[in-house]
Amino acid sequence: MTATTAPTLSPSTAAAPTKAPAGDVLLDVVNLQTYFFTRQGLVKAVDGVSFQLKRGETLAIVGESGCGKSITALSLLRLIPDPPGRIVGGSITLDGRNLIDLSEEEMRRVRGNDISMIFQEPMTSLNPVMTIGDQIAEVVRLHQSVSKAEALKKAEDMLRIVRIPVPEQRVKEYPHQLSGGMRQRAMIAIALACSPKVLIADEPTTALDVTIQAQILDLIVNLQKTLGTAVILITHDLGVVAETAERVIVMYAGRKVEEAGVVELFGNPLHPYTKGLLNSIPRLDLMRGVEEAAPRLQEIPGIVPALTSLPKGCAFAPRCPLAEDKCQSEYPPYLEKSPGHWAACWRSDAVSGGRNHG
Amino acid sequence: MAVIDHNAELNKAGANVTGTWSSFKYFCRRYPLGAAGGVICILFVLIALFAPLLTGYDPTSTNARSSLAKPGGAHLLGADFMGRDMWARIIYGARISLIVGIGSTVLGCLLGVIVGLTSGYFGGWYDLIVQRLSDIMQSLPLLVMALVMAASLGPSMTNTIIAIAIPTIPSVARVIRSNTLQLREMPYVEAARAVGMTEIQIAFRHVLPNTMAPLIVLGTAKLGSAILTEASLSFLGLGIPEPHPSWGRMLSESAAEYVRTAPWLVIFPGIAISLAVFGSNLLGDAVRDMLDPRQRT
Amino acid sequence: MGVYILRRFALMLLTLFGMSVLIFLLLRVFLHGNIADILFESAGLVNPAEKKKIEVELGLDKPYIWQYWQWISGLLRGDLGYAYVSEKPAWDEIAPRLPITAKLAGLALFFSVLLGVPLGVISAVRQNTALDYFLRVVSLSGLSLPSFWLGLLILMFFVNYFGWIPIYSRAPTGFWQEIGLLAIPAAAVGFRASSLIMRLTRSSMLEVLRQDYIRTARSKGASKNTVNYNHALRNAVLPVITIISIEAAFLIGGLIVTETVFNIPGVARFLVEAIRWRDYPIVQNLVMFIALVTVVINFLTDMAYAFLDPRIKYD
């Protein structure tokens, strides 16, 4: 074995093509409802969310803090803290099995093995008193019957795959000895060690420096191509979405408000909230030179409503520049406004296409 | 999947709680142990307050004929070797324990807050010196420190209160200080400064009210140990002097000699101490769970 | 890491120095009475010349700084002064009592850790179940019982059911006999201490279980046991070491009253006796000794913590 041979993860991934075929539906979420029963009242954190994830696809879930995207992800792995949260309805079907019906023991075998997750805070998400190698080896030994030595070897290979330099040394180090970017890579190594079918990345770059962000995203995209893993990318950063996703779901106050392919969404948003998000991105190319003033940053006025007191009708109506009486009184249906492009809005036609150019 | 009753779950979580009565009921349901502790504490306070109504005997009057009388009959809980009625001594002893316990806790917490607030707020040399002094005082266990203070001051009720209060100051100051340091960095304090409030105004309007919660937690936690320390000091003969009836001293007077012949002398004062401390500890735990869930024990 | 050790050590010395000043202030400068008069009276002396001798020996005519220096330099030399009441050098009174207290303390600590740590872990892992509530009530009542009362109850039990009082009356003849004699009072002290350890272990465990890396472990598919024992416990153990040093302070108080109840001729009971005799110079020395023990234990646990926590070790 020469140093130039990239380590393979498993026989199936070695045969996988560089771009997984759009094809079979891998994960089918139907009407997922996750509610929190708190002292302040009922919080419908995820209220009837459905989507499908195909093999090898990258799906982005976008929205502001508190819109329910992280809860959706945790629901997929059934890691919702109970109390106060419960999955009260819906189904999550992975390869024909409804994950909600599984026993805890069966669900454990899914976690880390069929579906993996990486979290936002690499600083605190790694056990400070275990070496990096042990933490990666652990997930391998949890799901495959290999010896400790083999698992550690695999850990080293994984570190190499996630492009951590000098992996044979890093394997023996503790998390506090690694930088933030390297810790996130280590998390990715843990998540992908058992070649899962789905990787959920919950704000993987938010806590990292901008330069490191690009590297990590790049890594995720590359690994995904090599391994054929489907990725659910959760973020509030539309820039990240543009670079990595194929399809996008926009969530607001616990529900989907728009869904489309990434190009279509950016080019032709059909929901005022999406439009607002797109307009909030500062764009240097709109500055026409030193003499002319740059256009003002546009923001969406107001704040996300408290999930314990959602308004009747469209949840976005109070902040929406296009809202009418109907929007305040009736919740708009979620319809396919054009092929592959869905939105829940009474005024989709009025949402002008693309970004504002000045 | 099983059907979930939303309302039942919400009620369990304590939603739908409005008004003082339902808040009180919620507290009792969520913290049953704490509620029980509160009841016990209130009971002791009532006993202490209404002592003369609960017994006709004078706790300090001796009566050689009743010496070592068994419980029952004329003496509800028996009498000690000097013929003093045990029931009366226990009831009036509640007064002593509460006065000393509450007094020393309040004194210690008050001084501790002042020290901790100023130390955390103003920092600098003052803070450094206070911290080193706290380290030094905390390098002795509470009982030893109280013993030394009691020895230094001489036996009296006031001195016992002081002897117990002073050693509690460092631990109170430490908690209040770290709380103050946190609060000082809060955005609303910055904002207050930005609109021109003086430091003193900020200290009183913003920092002090937010210090209440940890203070209450500390106070209720320390009350139990204050009562226990007084009992220990009196047991060792260095706390409350004659003629005041102190539960701890009652136990030392009876000690090993009467263990076989007059067990009621040993059992009842001990139950009184344990119950009082138990009640305040239960209450203290629940108060802490409610106000500062991060510190749950 | 070497710097860390040195810093802690210097701090320890500073604390001891400060403590000695405080003790001196309390028991000499601010004492409620003249020390010479007090000692004269409690030693039962009558000859005024004796009082003059005491005054000279303690340097009472000299400034306080001189007296302080005399005391401290004596301590550092190993000269603990003279016990006026018992008419012996202080060292002769203290030395034979030390090993007894040490054995009692060791037994109590052993017992309390053995009982407290596992129960605390179980209580945290099964949070809010009936077992948890039960254990919490038990530990709380353990903390509420005065240890001297527990000691008295134990005596009462033994006297009434076995007709025998487990008081340390004769010097024991062998090691195991001594352990047997100390076991019961050690249990009395240890019970209260184990309650404290149990509560602190429980809260440490709960704190750890709230951390992000526990969520990561669960997302890997780790079982509840793996999460609790491999991940959480390893992190919760570190603060438990600190807990043991808090425990030591706690234990000392318990030893004082328990040695008194069971009549054990140890250093802790001697402290009380010395205070009763009003032999304050000896009390000064004893309290310094207790402070020394406490501070050294804190230092050692800091060292143990530094050794076990990779975050400090590899810095």
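Letters A, B and C name the chains as they come in the text, with residue numbers starting at 1 for each one.
Assume contacts are C-beta pairs under 8 Å (C-beta built on N, C-alpha and C of every residue); 3 or more make two chains touch, one makes a residue touch a chain.
Treat the numbers as computed from the prediction; the structure is a model and nothing was measured.
A comparison of the B-C and A-C interfaces places the larger number of contacting C-beta pairs at B-C. Chain centres were defined as the mean of their Cα atoms; on that basis the chain farthest from chain C turns out to be A.
Per-chain Cα centroids separate chain A from chain B by 51 Å.
Our note on geometry: chain B versus chain C, Cα centroid distance of 22 Å, whole angstroms. For the pair chain A and chain C, the distance between C-alpha centroids works out to 54 Å. Contacts with at least two other chains are made by no residue of chain A.
Shown for chain B are the residues that touch two or more other chains, of which there are none.
The touching residues of chain C, when paired with chain B in their complex, are 11, 14-16, 18-19, 22-23, 26-27, 30-33, 133, 136-137, 140-141, 143-146, 148-149, 152-153, 155-156, 159-160, 165, 167, 199-200, 202-203, 206-207, 249-250, 252-253, 256-257, 260-261, 263, 271-272, 275-276, 278, 280, 283, 287, 290-291, 294-295, 298.
Considering their complex, residues 211-213, 215-223, 226, 230-231, 234-235, 238, 309-311, 314 of chain C touch chain A. Interface residues of chain B, counted against chain C in their complex, comprise 33, 132-133, 135-137, 139-144, 147-149, 151-154, 224, 228, 231-232, 235-238, 248, 251, 255-256, 259-260, 263, 266-267, 270, 273-275, 277-278, 281-282, 285, 294-297.
Across the complex, chain A meets chain C through its residues 77, 79, 108-113, 116-117, 119, 121, 124-130, 138-139, 142-143, 174, 176-177, 187, 190.
Of all residues in chain B, those touching chain A in their complex are 1, 4, 6, 9-10, 12-15, 17.
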